[in-house]
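Below are structures written as structure tokens.
In the two complexes below, subunit A is the common chain; its partner is subunit B in one and subunit C in the other.
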Partner chain A sequence: MITKTSPEVGGMGHSLKRKEDLRFIQGRGNYVDDVHLPGMVHGQLVRSPYAHARLKSINTEKAKKLPGVLAVITGEDLAKANLAWMPTLFFDKQMVLATGKVLFQSQEVAFVVAEDRYTAADAAELVEVEYEELPVLVDPHKSLEPGAPVLREDREQKDNHIFHWEVGDRQATDKVFQNAAVTANVHAFFQRCHPAPLETCGCVADFNSATGRLTVHLTSQAPHAHRTLFAIVGGIPENNIRVISPDIGGGFGNKVPIYPGYVCAVVASLTLGRPVKWIETRSENLQSTGFARDYHMTAELAASREGKIQGLRVKTLADHGAFNAAAQPTKFPAGLFSICTGAYDYPTAFCEVDGVYTNKAPGGIAYRCSFRVTEAAYLIERAVDVLAQELKIDPAELRRKNFIPKAKFPYKSPLGWSYDSGDYESAMKLALEKVGYAELRKEQAEKRKKGELMGIGISSFVEIVGAGPSHTFDIAGIKMFDSCEIRIHPTGKGICRMGTKSQGQGHETTYAQIVAQELGIPAADITVEEGDTDTAPYGLGTYASRSTPVSGAATAMAARKIREKAKKIAAHLLECSADDLEWETGKFFVKGAPSKAKTIQEIAFAAYTNHPQGMEAGLEAVDYYDPPNLTFPFGTYICVVDIDTGTGEVKVRRFVAVDDCGNVINPMIVDGQIHGGLTEGLAIAFMQEIAYDENGNVQGGSFQDYLLPTAVETPHWETDKTCTPSPHHPLGAKGVGESPNVGSPAAFVNAVVDALAHLGVKHVDMPIAPWKVWSILKEKGVVS
Partner chain B sequence: MAKKELIRVRVNGRDREAEVEPRLLLVHFIREVLALTGTHVGCDTSHCGACTVVLNGKTVKSCTAFAVQADGGELLTVEGLMKDGKLHPLQEGFKEEHGLQCGFCTPGMLMSSYALLETNGHPSEEEIRWGISGNLCRCTGYQNIVKAVQYAAGKAQGATR
Partner chain C sequence: MALRIEKTVQVNQPIEKVWALLTDPRKVATCVPGAKITEQVDDKTYKGTISVKVGPAVSEYSGELQIVRIDPENFEIELLGKGQDVRGRGSASLKMTGKLRVVDGGRTEMTSVSEVNLVGIVAQMGARVVTEVSNVMFGQFTKNLQARLLQPEGAPDDPGAQVKPVKATDVAWEAGKRLFRRDS
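And then the complex of A and B:
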């Protein structure tokens, strides 16, 4: 149980207003493009118009002659420094600037540096590149066909297959399917999406030739890991690299990888001895940086006639584009996709994934998702609905029948995960009540008689977030722990420095609340600083909903270390034994004599002015937290849609989201995270796809074609919570930022399919644009 | 490089002038010449609205306007919203109602909301949603932005009572 502090202290459970807001609402944030350094110059990438082409020649003469141009760097130049290629985060390498050939449209071919950004853009136009077009592969199935052109000639392996990964018991699962009374299957394509944070990626690389130090202001979700990779790849001593991740205008996974533009800016700064700024345009961001998903999935469920699920079989083709630039833990080529058994209790499952190359931008990163968890949750929640349809059982009832019972936690899943805690039935029950499920089903039946289309979609998702533990999880070899350092100043105020990096999640407020909870120092008195590798303790950064599960835990543990020391100082001040002291928020007092007490502020002052002889001065602690397990947030989302039979337009009438992320630090911020994630889920379900034509031309390369919902399309979200604390997290918290994006796509699609189910529709692939629904209605004879 | 043009603009109540290339975008004039970096670039194509400013009383997406077009005009950016050291009710509303997360769209949102409330002091939820429909936000799902604008409208109403 978490004891709630007073609102003035502002510990856990208080909807504290955010500290970071003051600068943002005044236009005083400091995003990377706001960084302006003396002598700074600007970089611009030249990109390939072709998806697959041999590079015949690059002529940079005209560009170099333009007044104001300082340098034009090509792949050949980088090759001399052994930097034409760089390692990806997943056992592959990627071209920084193309040599030999290009493998996707918008691939980086040359880097122009000029005194100002307009001149750099002009000069980029003057770089003459001669290409010879090669056959293009955009369909991953075709990549695997015999005789398909080999895209990656640099590899020893002369085909387009990257990896095969499988988990589970194939034989036992096959046997279950052979004997099953009922099987159901769904082929679901989770389309290629892009996180599209509102701020694009960019950097200012600043090499100081006098000191030999390189400072990189970088849109980075993982500044420490990036520093280490710059050191290893660039050969610069790590103590001479400082990565500063300033205010980040949204990340959603897009700002985890290292991109060629960063490397080029660093090289240019090293060469010119001047700060070099490189900022992507929106089109560059959508066309070349980390995409997500692109999973061609098949799921089969075996079940009894009564609807008891007996096994799951999953087969997936993963399109990674030109380079496997997936950003996930190294033991998991398909991330945590094996959470695909979901919220349900059955003995057997088998899952296999094959990764392939195509002529598309490299990736796939986790878009607001803990490494392929979104794909997994979508697949199982779609499959369960298909099974319900097949068995003519209500989808809520089928879920209830198969939920892992509350008493079975910790639960060992058939694909090897140990779910920490859960109460799936309670979350679904609350969602069903809130939405008025029974009445909605009656309304639907009435409407169907009149030829009106209405659907109700349920998604009871389970997430797996908060990687480590470090024995299983690492990124590029770096173990997935995370950190917090707390310093309490003599006057009782303090600063927390973190291994993570907020991109809008409100860390400056929530970590302060954890310190407030643990030490009783008001959250207002705690400054939280992140993103500067010179000052923050080492950490792996913020993605995969790991800030609260890992760094949040580190914050609690560091605070507890401080409390231990504070207790000794209090005993010294009160002239008693530490064993005689008891803690209540913000002070130690002598057992049985509550008036004999020292506040944490008094103790902090004494730590610098009157500490016991033989004790180190100061009141500081650092903690590197290695979680014993991941946390498993869950929830039930219910979506109600109405479909316009004339236009095929789907209107989301209601959306109820019941989340369970364990104990909550700041309810206001959690609700905000849910609203935002649901809106991203809505976009994925109905609007977004980075599609390619047969020549490999990007079809979603600007906000004209890659749609973000506006306030008008976005419905009013109804949120609620159940609370099942994590048994192993020091605060019982679980992490929440990604749940709405993970859980909602299935709810939207299930609602649309439910509206069309009586017409014999079993599945509709995302994005469900009106034309797609209208085509189905036409095919089914609903519209003429 | 084309001949530079002298432009004069009243920015947040102060007269500013500069010689600019005719092709200089208004947003770069604001961010780089005037060093007012609150106005952001999110898409370069006038879809996202992060660059929204108020020019002569109307919202303009400054990434798709030239600085020379603002010559002789009156410009309000997010930096001009505070008066006498006090937050504008909209700024207050965004903070109170958790109307922002990463903060990148916020200046543009504030300027569009400002222009909306100037013409319609008591907008309905639907009017607010349409009023900010030229501004994209990736973080909030708009729900709390709507509340923030309602907060400011309510406050203005209270003040005139």
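And then the complex of A and C:
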């Protein structure tokens, strides 16, 4: 149990207003594009219009002659410095600027640097590139066909296959299916999505030839890891590189990889000796930077007639585009997709994934998702509904029958995970009550009689977040610990520096609340600073809902180290043994004599003015936290939809979200995270796809075609919580940022399919646009 | 992006006159907004350019037009064109079949089926924009063609003659009109 502090202290459980919002809502944030340095010049990328073409020639003469143009860099130029290619975060390499051929539309071909941004853009238009078109592969199934054109001529392996990965017991699973009374299957395509952060990617690279130091202001979710990669790839001593992530306007995984634009800006700054700014346009962001999903999945469930699940078999084709630029832990080519067994208790499962190349933008990154967990949760929650349909059992009842019982935690899943804690039935029960499930089913039956379409969709998802334990988790070799350094100043105020980096999550508030909880120093007195690699301790950054599980834990541990030292100082001040002291929020007191006490502020002052002989002065600590396990947040979401039979439009009538993320740091921020993630989930389910035509032209390359939900489309979200603390996290917290994005797509789709189930519909792929529903209604004879 | 565009128009001219014009790419080009024939390679092959403005993107395609089939008895013609944007921003290809027939005492009906394949920035605009642009272009083409047919026989061919490319505002206007029509 967490002791609740007073509102003045504002520890865990208080809905403190976000400290950072004051500057954000006043327009006084400091984003990369706000960085203006003396002598700064501007870069612009020239991009390929073709999805697959041989580069015959690049003529930069006209561009170079334009007044104000300082340099035009091509792939051949970079090749001389051995920088035409760079490693991706997942054992592949990626062209910085194209040499030989281009492999996707909007691929980076040349980099123009000019005195101002307009001149750079004009000059980019003057770069003449001659291409010879080559056959294009957009369908990953076709990439694997014999005789398919080999996209990656740079590889020794002369086909388009990247990896095969499997987990589980294939033979045992096959056997379960052979003997199963009932099987159900679903082919679900989780379409290519894009995180589309409101701030696009960009940087200002500033090489100072006098000091030999390179400072890069970068939209980076992982500034420390990026510094190390710049050092390794660029050959610059790491102490001479400073990466600064200023305020970031949303990341959602999109700002984890290193992009060619960053490298070009660094090369240009090294060459010209001037700061070079490069900022993406919206279309560049959507068309060339890290996409997510693009998984072609098949799931089969084996079950008894009574509805007891006995096994799961999953086969998936993963489209990675032109380069495998996935950003995920090294040992997991399909991320943590093996969480696909879900919230259910059965002994046998097998899952295999094949990755392939196509002529599309490279990826895929984990969009508000702990590495392919969204795909996994969507798949199992869809499959369970299909099984329910097959067995004619209510989907809530089928879930209840199969939930991992509360008593079975920690639970070892058939694909190898150890779920830390869970109480799935309580979360579903609360959601069912809140939504009024029984009445809704009655209403649905009545509406069906009248020919009206209404559906109820349930998703009881399990997340796996907080990567991760160093024995299993690393990115590009760097273990996935994270860090916190706390310094308490003489007057009892303090600063926390972190290895993570907020992109809107509210870290400046929540980490301060953890310190407040542990030390009793008001959260208002704690400054949180992140993103400057010169000052912050090393860490792997913020993505995969890892800030609270890993850095949040590091903050608690560092604060506890401070408390230990504070105890010794208090003993010195109170002239007693440390063993005689007891802690109560904000002060140590002598056991049995509560008036003999020293506050943490008094102790902090003493740490600099009157510390015991033989003890180091000061009150600070650093902690590098290596989590013993991941955390497993969960919840049940229920969506109610009505479908307009005239237009095929789906209207979300209600959406109840019951989340369990263990102990909560700031309930208001958690609610905000859930609202945001559900809204993104809604967009994925109904509006968004980065589609390609048969020639590899991007069909979702601007906000004209890749739609963002506004207040008009967004329904009212009804949220609630259950609380099942993590047994291994020092604060019992689990992380929540991704749950709503992971759990909601299945709820939306299950609701739509439920509305159409009596017509024989088993599955509808996202995005469920009105035309898609209308076509089904037409096919089923509902509309003429 | 592949588009199939079917158009039918009627012109108040005898079929022979329309046919004579339609089978001469140099004359046709003077009616196509933004198009220009620059060179005749042989009796069936021509080189030329066409400038198309879609939203902010101006594509200037340079390429070849070939008469693949010509059937004077049935008044049918089949054309194949392909070009690349001169600044390397994409390519376009066109397969067009045109057919003429006499209607209502002396009038000529012209039916064309075009299969257009676009690659590059223009193709990203999506079918609804590109279709709108082609509608505007075809509308102007028909107008120009009518005007051209009214010119006296033997009017000097101006090989340098070129009709201005379609403006974005025209496209927006057309799209707007359609939008209102749909609502009413």
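By definition in this document, the second predicted complex is superposed on the first by the 784 of 784 C-alpha atoms of A that agree within 3 Å, B and C clash if a C-alpha of one lies under 4 Å from a C-alpha of the other, contacts with A are read in each partner's own complex, and residues count from 1 in each chain.
What we mean here is this: a residue touches a chain if its C-beta (ideal position, glycine included) is under 8 Å from a C-beta of that chain, and two chains touch if they have at least 3 such contacts.
This structure is a prediction, so every number in the text was calculated from the model and none was measured.
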Subunit B and subunit C placed together on subunit A: clash or fit? fit
(message) On the A-aligned overlay, A:Asp720 touches which partner chain: subunit B = first, subunit C = second, or both, or neither?
(response) neither
**Request:** Classify the contacts of A:Asp385 with the two partner chains as first (subunit B alone), second (subunit C alone), both, or neither.
**Result:** neither
(request) Based on the superposed arrangement, let me know which partner A:Gly249 touches: subunit B (first), subunit C (second), both, or neither? (result) first
On the A-aligned overlay, A:Glu463 touches which partner chain: subunit B = first, subunit C = second, or both, or neither? neither
Practice item. Look at A:Glu125 in the shared chain and tell me whether it touches subunit B only, subunit C only, both, or neither; answer first, second, both or neither. Key: second
So, does A:Asn695 touch the first partner subunit B, the second partner subunit C, both, or neither? second
### Query
Of the two partner chains, subunit B (first) and subunit C (second), which one does A:Gln704 touch, if any: first, second, both, or neither?
both
In this superposition, the partner of subunit A with more touched residues, subunit B or subunit C, is B
**Message:** Taking the superposition on A as described, I'd like to know which of subunit B and subunit C A:Tyr50 touches: first, second, both or neither.
**Reply:** second
Shortest Cα gap between subunit B and subunit C in the overlay, whole Å, is 11
So the subunit A residues that subunit B and subunit C both touch are 283, 702, 704
Residue positions on subunit C within touch of subunit A in the complex are 1-2, 84-85, 87-91, 117-121, 123-124, 126
Within the complex, subunit A is touched by subunit B residues 1, 21, 23-24, 28, 31-32, 35-45, 47-48, 50, 77-79, 81-82, 87, 91, 94-96, 98, 100-107, 110, 128-130, 132-146
Within the complex, subunit C is touched by subunit A residues 49-51, 105, 125-126, 128-131, 133, 283, 693-699, 701-702, 704-705
Touching subunit B in the complex, subunit A uses residues 17-18, 20-29, 31, 33-34, 36, 67, 117-118, 196-200, 247-250, 252, 281-283, 503-506, 668-669, 671-673, 675-680, 702-704, 708, 710-712, 714, 716-717
